[in-house]
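Across the two complexes that follow, subunit A remains constant while its partner is subunit B and subsequently subunit C.
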Partner chain A sequence: MLQILFNGLLNGAVIALPAIAFTMLFGILKFPNFSIGAFITVGAYAAMVANTYFGWQLWLSAIFAMLITALLIWLSDQLVFKPLRSATSITLLVVSIAVAFIVESIIRLIFGGDIQGLDLELTRPIRFGGFRFTIDQLWIIGIVMLVMLLVSIILKYTQLGKAMRATSDNFDLAEVRGINTSHVIAATWLMGGLLLGLSGLLIGIDLVIEPQIGWFLTIPVFAAAILGGIGSPYGAMIGSVLVGLAEELTGAFLAPSYKVAVGFVIIAILLMFRPQGLFGLPEIKK
Partner chain B sequence: MIDYLISIATYVGFYMILALALNLQWGQTGMVNFGIAGFYGLGAYTSGLLTIDAGWPWLGALLAAGVLNMLFGACVSFLSIRLRDDFLAIVTLGFAEIVRLVLLNEDWLTRGPRGLPIDVQPLSGSLDRESYGIFYLLLVFVVVGFVFFVTERLRKAPYGRVMRGIREDDLVAETLGKNVLYYRIQVFAVGAFFMGIAGALYAHYVQNISPEHFTPMLSIFIWMSVIFGGAGNNKGLLIGASLVMMIIEGTRFLGDFIKFIDAGSLSSIRIILIGVMMILVIRFRPQGIFPEERFRQP
Partner chain C sequence: MPETILITKKLFSGYYGGDIVKDIELSVSSNEIVTVIGPNGAGKSTLIKTIAGLVPTREGNILFEDQRIDHLRASEIARLGIAYVPQEANVFRTLTVSENLEMGAWTLPEKKEQHAKQVYQLFPDLKERKNDRVGNLSGGQRQMVALGMALMVDPKILLLDEPSAGLSPKLVSEMFDIIKSVNQNGVSVLMVEQNAVQALKMSDRAYVLASGKIKLDGPASELLQNVEVRELYLGVSS
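Now for the complex of A and B:
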């Protein structure tokens, strides 16, 4: 039981950062961005390049991955999404899927489709009776919790965070009140990119690195964000843990390859009965 | 060479059916479907398994594939009762992924990743290989003609006006006393029916289907066809589907000119090309090559 809880928490930790990035981007730009998965992959490959080709330390590789991902996702906004700001959410969604496929294919073109890994020291799992875990896994959970705390502080207390929340809440009102919304949008993309880059590295530590790694995480990440109430970063944090636990609990009687399906079923049930998510307030439709 | 062209034309036919179905769902009614590959695969496997394991004749299996798809389509679209449009995209995409996972993992039924060989074909044995290709091409295009006829009739009928009304503003349609949910489910189910038939035709054509044939990539190609041709315009997307196939097949020959590109990189380049063109079309000509016709009051 403890093992299931721990694994669930680990699953949740892996999808928590992308879920926050996704929900923040959705809050401000109002469309589900399908390209976040591809940028997780970017982060994972950037970390791998820094770690295995340059031989950098892991923490330095993490910073490198975060910067590269933030830069590229910001570029994707400048080149693709910015000229389409007035388009409908469906159009933007289609475009974001195209971006996801382009980014993934470029990665495949450069690095090939083979499975790769980071240059990690092999660590023996630590055991307590039947309960086993590795130091790496503790690190992942610890780092994710630290970053979530940091994001909360930024959103709550800094001027930028307040501007982000205001813009997410009501774009026009924020603009009228003198918030520079284009700066806020750029900051959100960059912050999302940092989170995605870091999660790419963490996934590289936890699992393996391959071109489709981000795509497979898309559905669980969406599930976490919708579960927590889309647009709410705090909801996304709790949603991730719940999705992670659900994946692990169903793993007891379903083939592990059906993990993705769990996320989908959660989305479907939730959208039927509580479209605003567990912690969201009902959206007022005008 | 002529064999090659005939087989390409047959594939264009499959794409046209899928694109017409998507145009009904999205172009006319505004319902996003990113699960095209799922419906296509479900149709292909249903028809394949019914003919192989249950000994059904191909026509019966084809129709059964369509009907089963219709039921699934109705269920999936039922989820959209209270949904924003963009959530339907997530639900349909998830549906396609689940179909693919089931096809991969339940090998007692679907033979898993090895693929399902299908030896049942319409009129098999009575024609030689070359004329059989032409026969199948004709068969596929008869179906394309049928689907085109039905979707055009729907578009021009009062029913089509309601569909476009829902697309533009479902609240207005609701206020005018139209049962929006009912229309949505119907349209989605009919579109899914066509996709199932396309899948069944595909299964009996290639005679060996595996889950790899039904990836999200396929859905993107169909979306590209509709966006290219012009959303809402049935004639335009027939040309859109042909253009997309020309790009996909055309890039195949790139390998002959540039020696150092291997097959893997080539498929990546193809996807990049399609993706970039899709973004460019949406950016600079969002109405597509052939914009939707405007209706005049009769």
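Now for the complex of A and C:
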């Protein structure tokens, strides 16, 4: 049981940062951005380039991956999404899928489709009876918790964070209160990019790097964001842990190939019974 | 002679389909309360949203203190001292009361504390609930937060869209009293209101809007006595 809980926490940690990025972007731009998976992949490859091609240490590779991903996702906004700001959310959703395919294809073109990895020291798992874990996995959980704390502090206590929450809550009202929402949108893309870049590196540590690693995470990330209450970064943090645990717990009873379905089932149940998620407020009906 | 601070000249505006506001000539002087009344769908809210910068101007000008503002973003208009309070969705529901007031003070952060004190004096209920999420407050309290936010920046003019909407009769009177007292402190008010009789009683001047055009205008006391206005828009038979 301890092993299942630990694995669930690790799963949750892996999807937590993308879920926060997804929910922050959704909160402000009001469309489900399917390209976030592709930008996780960008982060993983950027980290791999820094770590294996340049020979940089992991912490430096992490910074490189975060900056590259932030820059590219911001560029995707400038080139693709910004000119479509007044388009419907369905249009933007479809466009985001196209962006995902384009980004993934470019990665495939540059790096090929083979499985690759970071230059990591091989470490033996630590065992306590039947419970086993690696130091790398502890690092992943620790770093994600630290980043979640940092994001919470930014959102709760800084002017930028409060402006992000206000803009996410009520875009027009934020604008008429004098908040420059264009700056807030840009900051949200950049912050989302930093989170996705870091998560790319962390996934590269935990798993392998290949052009579809981000795509495979899209459904669990969506499920975590919806479970927490879409648009709520705090909810996304808790939603991620719950989805991670649900995936692991069902894995104890079902074949691993059904793990992917867990995210879909969570989304379906929520849409039927609590569409606002655990921490979202219901819409006011007039 | 009071100085005119807000003027619209031959103003046309609307959404995608076409013009909702047509050829509007309107003015508000300093320290004045001006009300726009009219039936549902007359274009009252669109007019006030256009002035606030949320609906694009198609033709004509809007001048505030002799400066054209019809090409500015809503956030830039807000920085000039024009505080708009929407009828609906007028608070940040997921933020606390104090965070809402802080967002209200976005363009004047150095006076945040001082103005928050004044707002809490005006609305003591809010002080008790300042750490509560606004989404959990009653409709009346949310309306107080909405007006409180607008007052956080020492506005020169308040643009109020149906400030009494959804309030109990007692709260409507309180809300109008507060608007009057804010006005007496030197803030001009341009208000769109369904509760026309009460709104006209406290206003200096008024405009009657129908099908996007101004049908009548003049001193509020005269419009209150106007037979046509009384029968068509105030629901009062002569």
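We adopt the following convention: the second predicted complex is superposed on the first by the 284 of 286 C-alpha atoms of A that agree within 3 Å, B and C clash if a C-alpha of one lies under 4 Å from a C-alpha of the other, contacts with A are read in each partner's own complex, and residues count from 1 in each chain.
Everything below uses one rule, namely that a contact is a pair of C-beta atoms (placed from the backbone, for glycine too) under 8 Å apart; a residue touches a chain by one contact, two chains touch by 3 or more.
Since we're looking at a predicted model, the values are computed, not measured.
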**Request:** Specify the outcome, clash or fit, for subunit B and subunit C once both structures are aligned onto subunit A.
**Result:** fit
**Prompt:** So, does A:V95 touch the first partner subunit B, the second partner subunit C, both, or neither?
**Reply:** first
**Prompt:** Touching A:D172 in the superposition: subunit B (first), subunit C (second), both, neither?
**Reply:** second
**Fill in**
Of the two partners subunit B and subunit C, more of subunit A gets touched by chain B
**Fill in**
For the superposed three-chain arrangement, angle subunit B-subunit A-subunit C (C-alpha centres, nearest 10 degrees) equals 90
**Asked** Who does A:R85 touch here: subunit B (first), subunit C (second), both, or neither?
**Response** neither
**Request:** Answer with first, second, both or neither: which of subunit B and subunit C does A:R132 touch in the superposed model?
**Result:** neither
**Prompt:** Given the touch rule stated above, what does A:M272 touch, subunit B (first), subunit C (second), both, or neither?
**Reply:** first
**Message:** Just to be sure I read the superposition right, which of the two partners does A:F264 touch: subunit B = first, subunit C = second, or both, or neither?
**Reply:** first
**Request:** Considering only C-alpha atoms, give the closest distance between subunit B and subunit C in the superposition, rounded to the nearest Å.
**Result:** 14
**Item:** Shared subunit A surface residues [contacts with subunit B and with subunit C]
**Value:** none
**Item:** Of all residues in subunit B, those that touch subunit A in their complex
**Value:** 30, 32, 34, 79, 81-87, 89-91, 93-95, 97-98, 101, 104-105, 216-217, 220, 223, 227, 264-265, 268-269, 271-272, 274-276, 278-279, 282-283, 286
**Asked** Residues of subunit A touching subunit C in their complex?
**Response** 159, 162-163, 165-166, 168-170, 172-181, 232, 281, 286
**Message:** Applying the document's contact rule, which stretches of subunit C touch subunit A when the two form their complex?
**Reply:** 52-54, 73-75, 77-79, 83-84, 86, 88-95, 99, 102-104, 106-107, 109, 133, 135, 149, 153
**Prompt:** Quick one: in the complex, what on subunit A touches subunit B?
**Reply:** 31-32, 80, 83-84, 87, 89-91, 93-95, 97-99, 101-102, 104-106, 108-109, 112-113, 219, 222, 226, 255, 257-258, 260-261, 263-264, 267-268, 271-272, 275
